[in-house]
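Here it is: the structure, laid out below.
We call the chains A, B, C and D, going by the order they appear; numbering starts again at 1 in every chain.
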């Protein structure tokens, strides 16, 4: 799961990294009321308190219980309450019933975090084997992924509430940042190196480095803007089956989709929900919260297409990215030579390699430093609650 | 909706009654953590905070807004957030999405209660027409119904939580009270007066008083006990289609039903969840949390039947009741001459008169003084989260 | 299941009756193409070949196998293929998968009928005990019920086909017969005898004769016409929640219901599908193919109500009936003293006594002589494929 | 949709080809009873009569109506009755309601075929532009695809029938043909040409010829046998979540999957349904009727993997194929430069390029000469009614 030759991190640096990542999670919680930690409005959105507890559980279950002598678990019941998809680790609370659980309380979950953190600090001061240290780094990257989920899940919880609560005004500037000016750039075909090259941490799905042959292609320097997407809507894009995948068309009609998630028609004017509440749609900002189906239909309407993940990676040095996760036209599949790790951590990535599409880049709620050009994010093609956007290719 | 000739209640008594009922709701809330107010694990179970707010909403929407001059609403958005089934009163939050809403907070909902209560006390001190006073009494009876729902909904929320939290030890003695000794008593047939006779409050579905002809019948003085129900289980009652209604049999098989709700198999021993947590099943206590289908199958197994609601009412002076709501074999239908009230309160009862069965009596969580021998409770035949039991007839 | 003292039927008469009923089934089949025997477009509609085989199966399974010495079954597999709801008789083909079966062929099913009929004629010539003769009469009444189902199921199969095939012109005159002129008639209250009185055959659900007390009521001599129902539509009846049961309102909205089944909007004009194909709606004919929810909402709109089944029976001598099954506001429940027969025939009626409403009268496709004033038909409140109509009461 | 430079086919050859393909469809129908043409037991399985009519409809709708002067359509209603997914061509009968239609009859559908064939023969004798000729060839390849669907759909219809009818004994020898002996062969990595090279007909999804870089890999000369698959079952493969994709594991548990489709446990012995009826499982025959999930879990259990479609194509000259469609680990996505054709035929392939996996090879029911090494078949990962098998790679 981790890169084959991660750079050595000193004990002091590891401790500091642990502190930084764990503290950031707690900082994200500050604006919340206790009630906000509980709901699970749809199966894909976890209750915030579950996200908070689950990342702690990872350190307890994968590290302390296995490698810290005499470690005493905080609460035996948390083993299955905060397990996610790790079937190896006993029974788990069914994923669509996480929102039914009012207990343990938020207070108790923060006690749990504190307890595990204290044990971890002692543990990190001891002499650790490299593979254990790698596991700690994996745990911190795992926590960063859940920081992003925490934020997107919370946006969904607030976004379906008729009161449209404000979470924070801090994100607004970057949520509505204007797209760069930019044009299509030409890339000459040939054989490219794809995948992680071994310096520092990566997830197992980025391995191994391998060659991919690409034809000539061109890719746009900037993301599709709200203005362009509004033109698509006004041109009847949601009503023209020729632009859509067959399953995308079914999805549009069955769910009455006619605009991005979080866009609302308020007395005839389109507005959007952001972390700062209901507000105007900034025409120059990159369009956000769209499904793969919508991204693909828009590209078709524009006479373009979505890049493959390989094209994206090959060209990634030529444009700015990180404002929106960018749907590619690549299915999430293993790279040549992909091997699952033994044991529970082996469930991390491989088992999801079906029916999902790859997204590249990163978003305004991706923790700083978490993503990289070889990073492979993946979601089902109908999902929209992530900060997803469009980059065109031809 | 209310009885045609309710007894006059003095202004002082009405104010005292209002205080008593409203305070009791708040007393029920004392053991809760804030998180407990939020979940809605199934559509029939409302979040506790919704129950708390909805009863307040009734006084604001039905009384203060219509009859209190210059009343200023607490929050315009609460009109649709805490509306239940009253289609007359604008858009409402869909019943199965109440658990998605973390806001308004519990704190704000208690502020809402306080605000409305203060306005109500001033209002109750003014000179009120009789029909307005009747509406206040209706509102208090409505709140008592939601006190019972608050308790049964909370039991469900705690009962599906693997931690099986304790709510209170206060209910245990009555939850497990032994059934009276008792035998079948014979009732001679003839014409009986059924329905409310006009002294004090009643719901509109208890009207009008009318005659029903009954054959001779016998009815048991006591409720079916856990011991008897366990015999039914051990005799294979859940596996013998001949005992069941056709739709009951489908329900049993599709849901894998094999014991009452809240009964668990703990390492081979049957235990039950009560407000005091997981504990033993008291053999002499009346069986509880069973569906109409189960009640009916048990009666068939016993060579008996369930009484009709008319038999129950005619015989109700001859036995003790109030420990469990008792399923009858009567469908919930209007009495002769039933008339819906005009306006939103007309939605109270009549629109539910299809596909539900009548329960008579009352339960250990029915507020004291709320029920009476003419009271008609009603639920769909598969539901089990109320304190429902069995009285046999032949 | 049969009346306690059916009139003696002579052996000759029984044989003749058998011939008449069985031949009528085959006459109904004459206009069909082989393909028409196969589809099951919704779970409630059985494939015509299933209806044909199932009635034959009743005689084989309930009579010949039990009472005819040395009877050799036609095909062992038919035992579960053509069983309906008789759980006592082994595994059955799931009710919603009857339309999956192309085999046995129609030809083979008619051979089955011929084989069983030949055995039955020999059997009927032998000396039969009264209870066996009663069972034969039950089988014939059962076949008559399936003759009506055959016709209503076929109407559904043709009615959803965009080609709107013609079955027969023979039914048209009675499908569109004008309602009688008529007015409300007053019935004085008191105690009435309800249920079958013992002369001839009846189903077990019509027993026992018992007394019911009724208030004064009035009931209309004629059925509601298409003209009146069209006024209800034009007045916005389908859009006014106040007229509907809560579950009826959900049904209307979820299914987009806005007119009776088989009514179509053809270029702005309302037309209807009958056995004679698409045609005009006869304004004076009784409205047909409506659900209980619609019947009830119409009555509410008219300031009236539906009669109870007891009122209907008490008044049935005062008006003509038999053109439409008439929804009553009575739930399908057992009469006092109702007892299920032992064995498989005991499954005939009692197990359906939940969540269904009683219809009284008969329809244009009820076999002549099959119904009577005590006859209790029953369906779920949302179903519309029977010939159902409305008689008003107040 | 067709290859860029198809070989010229002479008018005589085209006419002969037309005759051969159309006649083969009719030959496949010979063993059927009329009833067999009607059912649609699941949405993916079309009624045989629909397959028969739909292929005819293609020639009428795409060719005769557009290019044959004065062509008079056989029946206007067939336009939407036998349209499949071609949204461009007006309203269509919803895909999951095809089995509801008893009319038009089988007889009429064969008259339709005869009518269109006669017009086509006249048309083929005229002087046709190359693109029209290409469209005829496309129609014939389309018909061949539906010949295979006809056979697999019929197998499903017979396979769910408790009578397990015999279709034909002709297929048995090839259904149970023994797998070749064989071992893994090593392929050296490098850049390979993938896709159709322009000689003759191909579908648009095989274009354009492009380069793919592959690492070294090895691939097995033979398919996985029933014997090996039985070992997987006996080793508990269906119960070990570690072998499965997350969605595959959900599929296994929700559907109670524990063996290939058409395998039955008959009194403790595993048997299979083939076109020749119920019979033994031939241990040396290649396993068949398994989903992608099962193929992938088996490969994982074996310590191998499925090949990509590119590996398969690159190595396809080194092994025999054509007995089973072989699941690859490639998602169905467009090749570089893929362009949809204008108009209705543009809906042929591109709109399905999401959520499906590629299968390569061909099967015992693929019409002779229809497949080729560049042919890309595709299905959703849970589907099993095609003749699907496993080839291992490492």
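The rule we apply is simple: a residue touches a chain if its C-beta (ideal position, glycine included) is under 8 Å from a C-beta of that chain, and two chains touch if they have at least 3 such contacts.
This is a predicted model, so every value here is computed, not measured.
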Practice prompt. Based on which chains touch which, give the shortest step count from subunit A to subunit C.
Written response: 2
Worksheet item: Hey, what chains does subunit A share as contacts with subunit B?
Response: none
Worksheet item: Roughly how far is subunit A from subunit D, going centre to centre by Cα mean, in whole Å?
Response: 37
Worksheet item: Centre to centre, by mean C-alpha position, how many angstrom separate subunit C and subunit D?
Response: 45
Practice prompt. Find the geometric centre of each of subunit B and subunit D from their Cα atoms only, then give the gap between the two centres in Å, rounded to an integer.
Written response: 58
Practice prompt. Send over the residues of subunit A in touch with two or more other chains.
Written response: none
Item to complete: Note which residues of subunit B are touching subunit C in the complex, please.
Response: 85, 87-88, 191, 210-215, 217, 241-242, 244-249, 292-293, 329-331, 333-334, 336-337, 346-347, 351-355, 357, 381
Worksheet entry | Of subunit A, residues touching subunit B in the complex | 33-39, 41, 49, 77, 80-81, 93, 97, 99-106, 157-158, 160-163, 165
